[in-house]
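Provided herewith is a single structure, encoded as structure tokens, for subsequent inquiry.
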Amino acid sequence: MANFGGHAIPGSFFLLLGFWLTVKNILQHYWRTSQPKGRQITPPFSRRMNYIEGGLLIFGAFVGIMVEQFVVDGPHAHLYDTEHNSWVKLMNWQHGTMYLFFGISGIALVASTASKLVPAGVDRLALSVALFVEGFLFYYHVHMRPPLDAHIHSLLLVAVFAGSASTMLEVFIRDNIILELLRGCLFILQGSWFYQIGFVLYPLSGPEWDLTLHDNIMFITMCFCWHLAVALLLVACISSVVWFTLKRFSGRGQDIEIGMRKTTSNSSSQKALLEESEEE
Amino acid sequence: MANFGGHAIPGSFFLLLGFWLTVKNILQHYWRTSQPKGRQITPPFSRRMNYIEGGLLIFGAFVGIMVEQFVVDGPHAHLYDTEHNSWVKLMNWQHGTMYLFFGISGIALVASTASKLVPAGVDRLALSVALFVEGFLFYYHVHMRPPLDAHIHSLLLVAVFAGSASTMLEVFIRDNIILELLRGCLFILQGSWFYQIGFVLYPLSGPEWDLTLHDNIMFITMCFCWHLAVALLLVACISSVVWFTLKRFSGRGQDIEIGMRKTTSNSSSQKALLEESEEE
Amino acid sequence: MANFGGHAIPGSFFLLLGFWLTVKNILQHYWRTSQPKGRQITPPFSRRMNYIEGGLLIFGAFVGIMVEQFVVDGPHAHLYDTEHNSWVKLMNWQHGTMYLFFGISGIALVASTASKLVPAGVDRLALSVALFVEGFLFYYHVHMRPPLDAHIHSLLLVAVFAGSASTMLEVFIRDNIILELLRGCLFILQGSWFYQIGFVLYPLSGPEWDLTLHDNIMFITMCFCWHLAVALLLVACISSVVWFTLKRFSGRGQDIEIGMRKTTSNSSSQKALLEESEEE
Amino acid sequence: MANFGGHAIPGSFFLLLGFWLTVKNILQHYWRTSQPKGRQITPPFSRRMNYIEGGLLIFGAFVGIMVEQFVVDGPHAHLYDTEHNSWVKLMNWQHGTMYLFFGISGIALVASTASKLVPAGVDRLALSVALFVEGFLFYYHVHMRPPLDAHIHSLLLVAVFAGSASTMLEVFIRDNIILELLRGCLFILQGSWFYQIGFVLYPLSGPEWDLTLHDNIMFITMCFCWHLAVALLLVACISSVVWFTLKRFSGRGQDIEIGMRKTTSNSSSQKALLEESEEE
């Protein structure tokens, strides 16, 4: 996938995942803070969102592996070519391996949502492992490339490993909204950086970048920080918009909420409200 | 031990240890979750399993050291050859040192199970130190080898140091089933990777691997991820099988359990049940 | 800004920030320990101090970016010179990027002080990210320089990354006075080290330093430790002075305090007292 | 101090400190576990031990700095020789800097024991910083030396930085006997390794070591693990001996203890007992 599209597809995927996680986590945080203490049931909209997220991860991973295998110049499920004594299209196999682990994290998410027997946190551990594997494979990916190419990929690793570390922390520190938003932010950063890599290595228009010029490396380093700033800004904006939308809806539903606090057993009306705002 | 057998023996050992830890930890987790709160006594089957584990570690370490010393081409307890002014078989001494620390961790496990005076967590600290020492010695082991040989050993270090770190975390975060299963998973990964090293460096059949080819290094990196995926799958399967076996047995013993919750002082019947399922 | 002034300005900024943080944290700690348990409202002087700190960070960042852009030999908001096909004054753009993130941390501080909706800890996360970005850009700043120049900048990184790590810890471990003072101490260290860099690279008087002599590198390493010792001493002194000043004032106001413990709802008199001592 | 004595003195110092810490921590742990819950006053013997430890650290640091400065071939408080335009005896100044930080940690220990105003944990932070500074200076110490010399010093760094990290953890996880014993163990390891360095680089008898032979490096790596095993063994033995000595004395004083649990306000008899066993 050494072309612009090959970077735009994972980029779009990670951008979407980042936005999705931000919205999901703000919804869950709103639910947690608006609940009276003691009532700590996972809200039904949260379960449904987890199923959707897990399902999409599994589906995406499956499609990704199939595409990498059976694309025109793919390995077509051949790993070793005994005729020429060489490995067949290892790049595609490596990408498939990365997808596999995101698929596993999707399975873990579905399983831990569906059953109480699966210990809480398994989904985050699996996501952390998926990010680690992605970074791990990329790390050995970038050997023997021109300086700018190696540098721009190693900056990607900063986002990947930071995401892996912050997701691993979530295994132990649960329901911490800062960590949850940080995870979303790092996914957005990773996604937008994939686009940046595409623009730099396979420019759609204009002159090619000089892959050995030191000034280019300096600019790209700074550019990574700008992407981070934009990702932080985006997460802050999305969070605010989602929060105040929820607030306005809850404001209308104030009477219902007051009623609820008296009859805590029947909380279906508020749940319906939350699901409504989620489906928008 | 520079042959296939020399890698298969530690590989089998770590595979077995990984399976054992997974089963033990699921049993303990089942016991913890099925107990009413407040009753937090260590179950007797758990103590017995710890004794067996510790005893086997001590026995294995002792046998390992003896074999490394008194094998035909071993050092026979000679460290320095004053005649030739050279060290005698340092490789064997290094392997013996690794065994020694696993033996120490066995002693720590037996001691902390036998006596309440030994602070809880000493066994995990000792195991973490044993893994650290293993990785530490391997790290200086792999200098000046062909690229693929060095790379395949340094991948082993990833599993070893990750195991050491996760076991160290268990000193502070106790009874966390995710960490416990992660430890089992990393032991299985380490064990299966030992086999992989054996297959690559001393192939039983077929052509020898080219130890300098970059494609081989790329394949091996990816192969490590596949081992990790298989290890995760194995731990998930074993856990499920053990859990549902316990469930079925407890299902039969439901009446007993209900009876127990009334007479909490006499819990011998359930314990017997758990030990029964453990001994299968 | 490759001159003495260019290092003295950030140096003074970080020194001031370090002193300010030390005083603020000691005031907050005094308030926390002198309050009866259960009453955990943020004191009003603390809010006002946070507004001042945040406002100054935003203002400083804005001025800094403007100066870097529109100084005589600055880039004047031009990033790429299409005529010569080269980047324009990347150094100034990098410094501006660093200021930007400190500005963002100022916004986060103001926002998290003003609204309860912003989760506690966002300000520390933003400050940690700002320090990380500073270190991150500096890290790629120092390539291809003479040994002493590279070394003296890499020592700065020790202070910057230690500050980033300790601030990140504060996201999770809140209201820990040791971490808070450590943060102040690391800012002071960073500030005084900026001055040291200025003195070494652009000596105001006397002979130039030999940038390749090994003895100079050894001295500078040791000198960094002396700066650390002085920073620790300064934080200890400032803390003691602030604490005992507060004590003396509270001593006078003892009767008020005793009165307060009876009428906990009306705590305006003590607050006024604390604000008085803060404004000195 | 490039001779055997120059390594034996810090070695003996760290060995003694390790033994002292082990005994002190076991005494404190015994006190903590034997106290009924709720009564969590620091025992008087503990305060006295802290004063002694802090005083000795301050005294030792002062003597160390003086010796390094005013030894026959020392710098005699001259830092820069303007005549020859060179630094004067930087090695001695560096050693003095290390002593300085251990002196500071002594002051922090005395201060935090003497006054409740000094936040708990400052003494551990100061000790952690002292170890960090020691490792930091050593790290730049070992450049451009023969391989074995550099290697044996970098192994020392493993003990130093592990000690710094575990002491830093104690700032946040207090009264954890495993961490406390680990600290003692790492000091013993550091002390015995100083002796080992002395024996290798300045052998008292026998032939000199070949500083470039790879086998020597392999042996020294393994030897470090043996030192670790011995340090673990020593800490285990000392802890057991101290604990059972305390037990026997408490056994005799059983009646007193039973009496105490009735009259909790008057606990002077048991305290006297503990102090008695401490002074042996």
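Should a chain be cited, it is by its letter among A, B, C and D, assigned in written order, with residues numbered from 1 in that chain.
Here is the rule we use: a residue touches a chain if its C-beta (ideal position, glycine included) is under 8 Å from a C-beta of that chain, and two chains touch if they have at least 3 such contacts.
Source: prediction; values computed, not measured.
One copy, chain A, sits rotated relative to the other, chain D; on C-alpha atoms the angle is 180 degrees to the nearest 5. Shared residue numbers account for under half of those found at the interface formed by chain B and chain D, and the copies are therefore classed as meeting with different residues. The chain with its Cα centre farthest from the Cα centre of chain C is B. The mean-CA centres of chain B and chain C are about 46 angstrom from one another, to the nearest whole unit.
Taking each chain's centre as the mean of its C-alpha atoms, chain A lies 33 Å from chain C. Residues of chain A in contact with at least two other chains: none.
If each chain is drawn as a node and touching chains are joined, the picture is one closed loop, every chain linked to exactly two others. A complete list of chain pairs in contact reads A-B, A-C, B-D, C-D. Partner chain C is touched in their complex by these residues of chain D: 85-87, 90, 93-94, 97, 100-101, 104, 117, 119, 121-122, 125-126, 129, 133, 136-137, 140, 143-144, 171-172. Residues 29, 158, 173, 176-178, 182, 207, 214-219, 221-222, 225-226, 228-229, 232, 243 of chain A touch chain C in their complex.
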